[in-house]
Amino acid sequence: EEVVVFAAASLKTALDAVAAEFEATTGHTVTVSYAGSNQLAMQIIAGAPADIFLSAAVNWMDEVEGAGLTAPGTRADLFGNTLVLVGGPDAGPVDLVPGVDLAGLLGDGKLAMALVDSVPAGQYGKAALDTLGAWEAVAPEVAQADNVRAALAFVALGEAPYGIVYGSDAVAEPGVQVVGTFPADNHPPIVYPGALLTGAADAADSAFLAALTENAADAVFAAQGFVVLP
Amino acid sequence: MLRVALTHRQGDFELDVSFDAAPGVTVLFGRSGSGKTTIVNAVAGLLRPDRGRITVGDTVLLDTDRGLRVPPHRRRLGYIFQDGRLFAHLTVRQNLIYGAWFAGLGRSPRALPHVLEMLGIGPLLARRPAGLSGGERQRVAIGRALLAQPRLILADEPLSALDDARKAEVLPYLERLRDEVQVPILYVSHAPAEVARIATTVVALEGGRVTGIGTAAQVLGDPDVAPLGIRSAGAVIAATLRRHHADGLSELDAGGIALFVPRIAMAPGTSVRLRIAAHDVILARDRPTGLSALNILPGTITAIRQGQGPGAMVRLSTPAGVVLARITARSAQALDLAPGTTAHAIIKSVAIAPDDVG
Amino acid sequence: MIDWLPPDAWQAVALSVQVSVWAVLCSLPLGILVAYALARWEFPGKQVLNGLVLLPLILPPVVTGYLLLTTFGRQGAVGRMLEEWFGIVVAFRWTGAALAAAVMAFPLMVRAIRLAIEAVDPRIEQAAATLGASPAWVFATVTLPLILPGVIAGLILAFAKAMGEFGATITFVSNIPGQTQTLPSAIYSVLQVPGGDAQAARLVVVAIVIAMAALLLSEWVSRAVARRIAGA
Amino acid sequence: MIDWLPPDAWQAVALSVQVSVWAVLCSLPLGILVAYALARWEFPGKQVLNGLVLLPLILPPVVTGYLLLTTFGRQGAVGRMLEEWFGIVVAFRWTGAALAAAVMAFPLMVRAIRLAIEAVDPRIEQAAATLGASPAWVFATVTLPLILPGVIAGLILAFAKAMGEFGATITFVSNIPGQTQTLPSAIYSVLQVPGGDAQAARLVVVAIVIAMAALLLSEWVSRAVARRIAGA
Amino acid sequence: MLRVALTHRQGDFELDVSFDAAPGVTVLFGRSGSGKTTIVNAVAGLLRPDRGRITVGDTVLLDTDRGLRVPPHRRRLGYIFQDGRLFAHLTVRQNLIYGAWFAGLGRSPRALPHVLEMLGIGPLLARRPAGLSGGERQRVAIGRALLAQPRLILADEPLSALDDARKAEVLPYLERLRDEVQVPILYVSHAPAEVARIATTVVALEGGRVTGIGTAAQVLGDPDVAPLGIRSAGAVIAATLRRHHADGLSELDAGGIALFVPRIAMAPGTSVRLRIAAHDVILARDRPTGLSALNILPGTITAIRQGQGPGAMVRLSTPAGVVLARITARSAQALDLAPGTTAHAIIKSVAIAPDDVG
């Protein structure tokens, strides 16, 4: 049986590993389509033949649920993530406390973020900076990329001295180091909800969704920098 | 038969012509810019005249008053363009059979070998137009139009890129088309010899208007019309081929008078036309003797017209028909020529070019 | 060699070629028709058609993809019609990817062919007409052969564009391995993985090699055609 | 009317036009040169040049943007040179957006111009040469005027592409409102917000209107030029 | 002076020619496909011959052995193409001054009004080539080349699209160029009258080889060469203009003999050339009287050659020079003509066309 998963692109490394394991043990096939959560949500609403949706943000899952496309009772918050400030190899630690002078820290450089109005990581980052009272000052110096990975690349390539990304993204990028972690209460909780969709028929689909919350999977996700939610 | 009536304006140029053409070859004769190509294009359907009516035989090709206009591809024409217009992507062979194929004659029309030989383009069959000389290109264009078995041939100065030898070879073929297949031909030309030889009807054009129309004899024989100047004036005489002589001359009978011309390749008994350019005729009061010129036509002078220059055009009525002689006014005076006097027209056999008989 | 890329990457490569070839070949007749209409005919709404053809070039691909999704998706007006009447589903199938690629590549194809048509001397076509060729035959036997180099140029340009098309495709038919995951989508996916650059680079090399091969082939064909026309 | 879009959207529109105009105009001379070289000269590496020009079309825009970033970024080889020698910085500036747009639009411009050049009868150029015109003059007085319609077609195609370019731009110079946020970036941003469709639609309309205006203008110019050539 | 030596192969066609041209007009004379355009293109630098050397005066244009090749735009040529090749995007005026501008003559070269008038293209100045007739286009092409003030004019059948009247108007201008400005001209033509009139040197071509070379008198006067057939044969006689008569005739002095021709627009004392086509000459043993023909040249027959046809070519040595007469063999016999006998050549004044004097 085939399981079609529409998953946020940032889940790729971990999800690929879990899916491979699942396929090996059950004999089912898992096909994952990675894209931006917003694209996936629109596609599901437009009738995409997906069995499972793993969103990087609550609001896009809400859209799908609002369209009546999630199987009732299957939605759950699966993972969390941390929001971190990354810098180049030479950057020193930054204390992310209210009043932090990020603009001064940047000099004439830019702060790399994902799109602050639309991409979840950007939205979280903006919220966090707001809380710290740093947004106003730093806003004109923010270089917004269309996804977190691109923002990370700006820092890794030395184009931007600092960037705000997920903890999970910072893990495997040797070109950057985490110079500070935003306190979790500075921004809305970073949550990856998952749900079975109404089109999902067979047992394999629910089995895979279940497998994502098993211990083995938890370990994989944790290793990639995700926070495993209870 | 072709009937054309057109009015059309393009830029400063205004065309307003109307002529009926007897079966055979109708030559549009006029200087550069007089509207010849414009007329031919209208007949072909490539130009939409402001107003007009064109018919070939019973078929109406155009009638703007009735809103009727046959599209070019249904007119069954063979248009030989002034500028060739070969298909660059096709071989010479494919160019040649293009029209034949649409006429339902297949890929090897029966006339092909004949046309190849006549135009001397057999060796070029496999080439493409880019590898041809100017004259070769035009010959292929002629072949292409002929092979389409058209019901009307349009020829816009088709021979001007050919050398005299080729011209002499191609002309008879057009004549045969005219005489045997009865294909009407609308022909644009600058060359009086060509016109005299081939024309059934000559339409003289000037500045978009018809200034004269009639047989070649009438138009070319009328010094007032002669649209290309006095040198194109000349008589056209009807004769019958009497016999061929062993020394290479052919003897014609023109109203009972024997005329000798270089051998013409026709059977005795055939009717032929003879153009005698006015400037090739010498006049004498008394029958001259001891001259190398073989043809001497006695006659009576019916008119003398003094031109602006040194010349005088003398009309001589002979048993063979009217002969025009362009001589100097000085000679006319010296010989005391006047209407009513008798005179002899002297014409060299060899002055009559092969082009001028047919 | 095979091991150089994971199997699903090869799958993406094969799918991309398949999608691009179909996209280009199926849209060619329409492309020629539209190009001809724009080059030679006068009709009301000509400029609107012209603009419509260019639209996919102007719009961000994501928007085009979004419009495709809302039109040709299962819930879209045309999509529903296609499914009910002909049983054809393009949404989230490789056929949809081909549709997206075709739409995105169409402006390039049309423009190239249109320029070629405009360069054909109408007097040569007139000559063909006087020889008895109806407009359709004139087109088939004169215009088409003469514009062939241009058509080939347009084809290859469109093919290259189709091979590289990403935004509209991923928005319209998503990124389902083996079904709609084209080479660019695969590159995108890999790029999302930290440290995925190396594999992305390999995929890019494959993309370049394929496009170059197509390019060289087309140049060669195009030149052979041109030589036939120009030459002895 | 002004209220119809938020101010930063109007800013994005203005920036997009600025970026596209510069991108197209600055790359035009090089575009003509490359098109001429590809159309008329024979030289080693011609196919490589040809491929290189087409590359931005083949590659997913993100890849092109990434390559631009690693080359023209502050840390990139060329970027550092530009900064040290000329004090020119393109990274995160509108100039960088123009560079990205120029690169992405270049293949279209070159192809269109190349087709136009190939359609010019070399025998007309020969005639000019016999009259004393050096190759440069032949180009300026004969070839260029004759290909003008093609150049205009290429320009507008390139302009349209530049207006719609998104992937490479955002990857290379990111999305800084007022500096690098072009219209497509704005549209993309809005589309990512649930329920942002309405505003996105408005922006799309603006994009279409601008591109159509450019298109109509170019058609008009192009037709005027063609009429001058063909006509009375 | 022009020196050309070329070998070149294209397709099946092989060119291998070498000729030196005296100052003046060198005519390439030969039938379609004989290689005329190929030679002209090589001189213009538009064709790279396999091997060759071309010099104009002291300037080497091409020397393949030394790897030397002047690019076309530095050759300072005026090439009149067989197919016009006007610039479609420029007005007639801009076309005309194109070369003049590069020659540093500015936007209104002094010769412009003159050229406009001669070619009758003044009214066309503001038009574009697409709106011209075939002949108008060719006239503009001629004007364009002339106005470039070239040091060598190449003309590839420049007049074939012109009507006779225009031809007659344009030819004198080319002659003036030849005589006054001393511009060498390489000229391709099919028309013997044109050739006789204009040629300083005639190069007869056949199948890519030179079959005869010499003055017009030599080549056209040699029935063996006459590449376009016997009708192109004729004598070319040098004469001096003596006076103009009131009746419109001009009197020439050819070796002491008076010849009358239609008025020629030159000052008394000028040297002129006279082409007398062999087929226009009548022979008589005794001096004839009472004829309209004004010109009678006494002479001695030096040779008679019987052709394959009915004709015989008679060479007559007269005080005015050698005259060729093509008469029928029958007449030759009847008049008992033989080398050594005296005879009179009779030539009509008006048979000498304006084309034939100059």
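We just call them A, B, C, D and E in the order they show up, numbering each chain from 1.
Operating definition for what follows: a contact is a pair of C-beta atoms (placed from the backbone, for glycine too) under 8 Å apart; a residue touches a chain by one contact, two chains touch by 3 or more.
On a predicted model such as this, the values are computed, not experimentally measured, just so you know.
Q: In how few steps can one go from chain A to chain B if every step must land on a touching chain?
A: 2
Q: What is the graph distance from chain A to chain C, where chains are linked when they touch?
A: The fewest touching-chain steps linking chain A to chain C number 1.
Q: Compute the centre of every chain as the mean of its C-alpha atoms, then state which one is farthest from the centre of chain E.
A: Farthest from chain E by mean C-alpha position: A.
Q: Measuring from the mean C-alpha position of chain B to the mean C-alpha position of chain D, what distance in angstrom results?
A: Chain B and chain D have C-alpha centres separated by 60 Å.
Q: Give, as an integer number of Å, the spacing between the C-alpha centres of chain D and chain A.
A: About 35 Å separates the centre of chain A from that of chain D.
Q: So how far apart, in whole Å, are chain D and chain E when each is placed at the average of its C-alpha atoms?
A: That gives a centre separation of 56 Å.
Q: Going through chain B residue by residue, note those that touch at least 2 other chains and give them in order.
A: 10-11, 83, 127, 131
Q: Out of chain A, which residues touch more than one other chain, so two or more?
A: none
Q: List, in ascending order, every residue of chain C touching at least 2 other chains.
A: As it turns out, chain C has residues touching two or more other chains at 66, 188, 191, 232.
Q: State which pairs of chains touch, listing all of them.
A: Here the touching chain pairs work out to A-C, A-D, B-C, B-E, C-D, D-E.
Q: Help me check something: in the complex, which residues belonging to chain C touch chain A?
A: It is residues 66, 69-70, 73-76, 91-92, 170-171, 174-181, 188-189, 191-195 of chain C that touch chain A.
Q: Would you pull the chain A residues touching chain C in the complex into a rising list?
A: Touching chain C: residues 4, 6, 9-10, 12-13, 31-35, 39-40, 42-43, 45-49, 147, 149, 152, 169, 171-174 of chain A.
Q: Taking the complex as given, what residues does chain B use to touch chain E?
A: 10-12, 30-33, 36-37, 82-83, 123, 127, 131, 133-136, 139, 156-157, 160-166, 190, 192, 228-229, 231-232, 245, 247-249, 260, 262-263, 279-280, 282-286, 288, 290-294, 309-311, 325-332, 335, 346, 348-351, 353
Q: Can you check the complex and tell me which residues of chain A touch chain D?
A: 36, 38, 41, 59-60, 62-63, 110, 112, 115, 117-119, 140, 142-146, 150, 153-154, 157-159
Q: Over in the complex, which chain B residues touch chain C? Could you list them?
A: Within the complex, chain B touches chain C at residues 44-46, 71-73, 75-79, 81, 83, 85, 87-90, 98-99, 102-103, 127-128, 130-131, 144-145, 148, 154.
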